[in-house]
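Below, each structure is written out as structure tokens.
You will see chain A twice below: alongside chain B first, and alongside chain C after that.
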Partner chain A sequence: MSRRETVNHLMMMVIAFLLLLMLPEYLNVYHRSFVMFTMMYVVLASSWNIISGFTGYVSFGHVLFYGVGSYASAILVADHGWHWLATLPISMMVGLAFAIVIGFPVLRLKGPYFAIATLAASEGTRVLVTVWDDLTHGGLGISLPNVENSMETYYAMLVLMFVTIGTCYWVAHSRFGVRLNAIREDEVAAEGLGINTTLYKMTAFGLSAIFPAMAGAIQANKTLYIDPETEFFVLVTITMKLMAMFGGKGTVIGPIIGAVVLYSIQEYVWVTFPHAHLIAFGVFLILVARFMPRGLVGHAIDQGWWRKGMVH
Partner chain B sequence: MDSQSVQAAGDAVALEVRDLHKGFGGIKAVDGCNLKIPAGQISGLIGPNGSGKTTTFNLLTGVIRPDSGEVYFKGENIAGLKPYQIFRRGITRTFQITRIYREMTVFENMLSVSYLLTPMQDARERAERLMEFVTLSKLRDEYGGNLSYGQQKLLEFARALMTDPELILLDEPAAGVNRTLLADLLDRIHELQAVGKTIVVVEHDMNVIMNHCEKIFVMDYGVNIAEGLPHEIQNNEQVIEAYFGRRKDGAVRAS
Partner chain C sequence: MEKAEIRSIYMLSGFLVGAFSLPFVVGVMTGYVIFDLRWLYDLITIILSGLMQGGVYAMFAVGLTLIFGVMRIINVAHGELVMLGAYLTWVLFNAPGFFGINVYVDPLLTMVITLPVVFVFGLTVQKLLLNAVVGGPELTPLLITFGLGISLINIVEWIFTTDYHTVAYAPHSVQLTDQIQISANKVISFAMAFVISMGVYMFLKLHRLGKAIRATAQNADVAMVCGIDIKRIYVITFALGASLAAAGGVLVSIQFAFNPETGLEYTIVAFAIIILGGRGNYIGALLGALMLGVLENLVSFMVPNGTAMVEIAAYALMIFVLLIRPRGLMGMKEG
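Presenting the complex of A and B:
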């Protein structure tokens, strides 16, 4: 990575940020919320990518952090009268706490065992949230005070998205990220060559948890109603995973492209073929898995259009 | 065991292994191993298949924990420490079957080993220099998995040197490497010794062992049964017996 390349990337990010900053003025409420949810999926797919793409620990329970983040925020807003922006740091801390408590035992597992354990953790948390109705209002869910805040949530998500992308960019182009890749490629060798793998995996897991927790919090204050079934819906995990894999996991740009393209297609297909949208979406994903198993960016690298490696 | 000549050559010990034991279920893979690896030399560790050489390497580098015994390095008992802790004290290794990072470029493979506190510019320069050292500079931006097996061995060797270690453990560096590449690799090993590094080689290729090692340790059934200079080892009855067995009349079978 030459200095000029870094400057170019930074410029691109600043331009994208300014464009997205001005955009909502020209959009109606529907399109504004469409862009906001696209940005949310960029956050989710990019976060999933930190632990699963860079570090190779494929999580099937990432909705967990999104869910606990949204609940932490909703409880503080609805039951304790907090301003929703003030709840974001709390949601982040709650997400991080869950990552530490769950990560410590679960990151000792590998491959399918890790995947199943993370899935179990997210489902277990969903059940816990459902039965603990003193705190969470149980299966009834939480209704938040009705306010029109589509602008504020849009801007909050915009900032969160750029913080997430910036973090991923730093990870990918630092020795910290190269070391995460080393853990993905061969953990025994990585540990034998000086990497404290437990510490690195925990850090990656924590980073990949805090952004979804905040995304969940912003989302809760946008939709103004949450319940355990939607906040801990397995499909959210699968969606972020598919987006990252479609774009190209283990890269910075991959999950961003994946989230934008897949979320747009999903919305288009849903509007155009309301009865068959899941089938059409499924067929599309099968074709991608068959012809581009390493995703768009991976495909570009394999074809020689894109340079191999992150740090040059 | 006649090792007076070696004693005379230099008394400094880089690594001392005392009564090391490791069992896997009923199998005693290492059963009372004692080694004094001389500092600044190339030493060989040989023995028949299953004699505990690789297990010993894994014990020294922390990949597995010993049941009992001590390993002294720079006056400290490092037995039972974690692999990354032992690495940070200055011991590095390569693996019997290469463990390079396949979906990372050669350069990233190198960079992953440098300490985070080392300035990035220094790490880059060292990586470039070491890739030059093992003639892999042209493959800098190629994936590790796309290298030939011999090149992967070179990469693994270069990668192990990123932090300027004092003790280098090489597990079968010659296996699967063509003769030309092997000659290069051996030259590099001698260059390292020339700047004061201690090297231990586990190897089945007796040409490598006999022509390039100063002191040789022989293991059988998890115990070191002999040590000495190459010509001493070649004529050692116990060693010949371990490799070739004993004739019915009790005489050692030697060719």
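Presenting the complex of A and C:
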């Protein structure tokens, strides 16, 4: 990766940022929230990619961080009267705390066992949130004070998305990322080379937890109502996983492409046929896992349509 | 045995003793436990019904462990197969009613149709989707079965909506003594579960095909060299596991209310069991199922807000056993 390419990528990001910054002026509320949720899924898919694409620990429970982030924010806004922007750092801390508590035991497991354990962790947290109704209002959910903040949440999500993409870009191009790749390819060998695998895995897990937590917080303040069933919905995990896999996991641009393409299709299909959308979703997951495990970007690289350095 | 091996056995047994006494400790602290004769009878009832519930869990855990043992595939759609079995039973149970005939079909009799249907479904899934990915990266089958699970949930939801259904069968209860009584549904399903799991066990031990399945589980390459068509064994194993899950579904349907989304819970329960019992081990799965059944009933009996906490018991059990002793009670060694 030459210096010139890095500068080019940076330019591209700045142009995209400016375009998205000016965009909401010209959109109605529906389209604005559509773009916002697309950006949210870019954040979710990219951060799932940090632990699962770069490091190879495929998480089936990432909705956990999204859920606890949104709950932390909603509780502070609804019950303690905070301004919603001030809750974002708290949500981040809560996400990080959960990542440490859960990651410490669970990251010792490998492959499918890690996947199942994270799934169990997210389902367990959902039950805890439902049961602990003094703090979380239980299954009733939390209603936030009604305000029009589609502009503010849009800009917050925009900034968060670029921070996430920037972090992924840094991970992909730094020594840190190379070491994560080494862990993915062969953990024992990586350890033999003197990489502190536990520390690196924990850092990657923490990084991939804080962004969904903040995305969840912004989403809670956008939709103004949350409950355990929707915030800890298994389907959110699957959506981010599918987006990252469809685009190409282990690359920076893959999850972005995957999220934009799939969310647009999903929104269209969902409006047209509510049930078929989820059935098609499952079928699509099967097809991607079976025939295109490396995703669009990986496929393009394999076919020689795209140079490897360009997309990484 | 190595030292680490022995230590992990001690740690696991210590953990299990702790896990089983935790509900008692919490119960004493919150005042749910009162030491009198009435409470003691209740406790015995709870333990008995826990064992019976464990029998039902055994049905789907055994299917999952069989599939894992032979193909090293984790079938995440297992709970959905349970759900499918429950729905098929419900449909057949009410089938005469749809034609205006006021009779119900005996749920146990519906197995004659339910099990073959799910068997064929399992055959198809394995042939079309999974045979190509056995032995490849471990996560591909996980994702494929996950996708299958989502599709199944939503197809069922499309047809039957998300309403809860029950199959009203044998509502009376069995009096063991004056104080101890258990609902007849539980006794019947436990007996059924016992018969089916013993039948499958005998099949695996004695029948030629069963022996071939065990040989493939032990070493697929050697089995292939010995002239066993392992692709065929894979297909049969998956179909057998799926129909065991469906049998579990039949037994679930007469005891609990179910809706399309209950499947995930059963998937995780089945995992917790096979991890506790040891992955790929038949007897381990039976034992683990009984233990989890008892533990869940103890939790729901003695812990405040217990019915919701039951799920957490299964999740915590699974994660801790994976950490302390990934082989579980009687599983084979990894690697």
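Keep in mind that, in the parts below, the second predicted complex is superposed on the first by the 290 of 312 C-alpha atoms of A that agree within 3 Å, B and C clash if a C-alpha of one lies under 4 Å from a C-alpha of the other, contacts with A are read in each partner's own complex, and residues count from 1 in each chain.
Note that a contact is a pair of C-beta atoms (placed from the backbone, for glycine too) under 8 Å apart; a residue touches a chain by one contact, two chains touch by 3 or more.
Since the model is a prediction, treat every value here as computed from it, not as a measurement.
By the touch criterion defined above, A:178 reaches chain B but does not reach chain C. In the superposed model, A:186 lies in contact with chain B only, and not with chain C. In the superposition on chain A, no contact is made by A:43 with either chain B or chain C. Of the two partner chains placed around the shared chain by superposition, chain B is the only one that A:194 touches, whereas chain C remains out of contact. Within the superposed three-chain model, A:94 lies out of touch with both chain B and chain C [touch as defined at top].
The larger set of touched chain A residues comes from C, when the choice is between chain B and chain C.
When both complexes are overlaid on chain A, the residue A:217 reaches neither chain B nor chain C. Looking at chain A, you'll find no residue that touches chain B in one structure and chain C in the other. Interface of chain A with chain C (complex): residues 58, 60, 105-106, 108-109, 111-113, 115-117, 119-121, 123-124, 127-128, 130-131, 234-235, 238, 241, 245, 275-276, 278-279, 281-286, 288-290, 293.
For chain C in complex with chain A, the residues that touch the partner chain are 74, 129, 132-133, 137-140, 142-144, 146-155, 157-158, 264-265, 268, 271-272, 305, 308-309, 311-312, 314-316, 318-319, 322-323, 326. On chain A, the positions that touch chain B within their shared complex are 175-176, 178-179, 181-182, 184-186, 188-197, 250, 307-312. Within the complex formed with chain A, the chain B residues making contact are 61-63, 82-84, 87-88, 92-93, 95, 99-105, 107-109, 111-116, 120, 123, 141-144, 159-160, 163.
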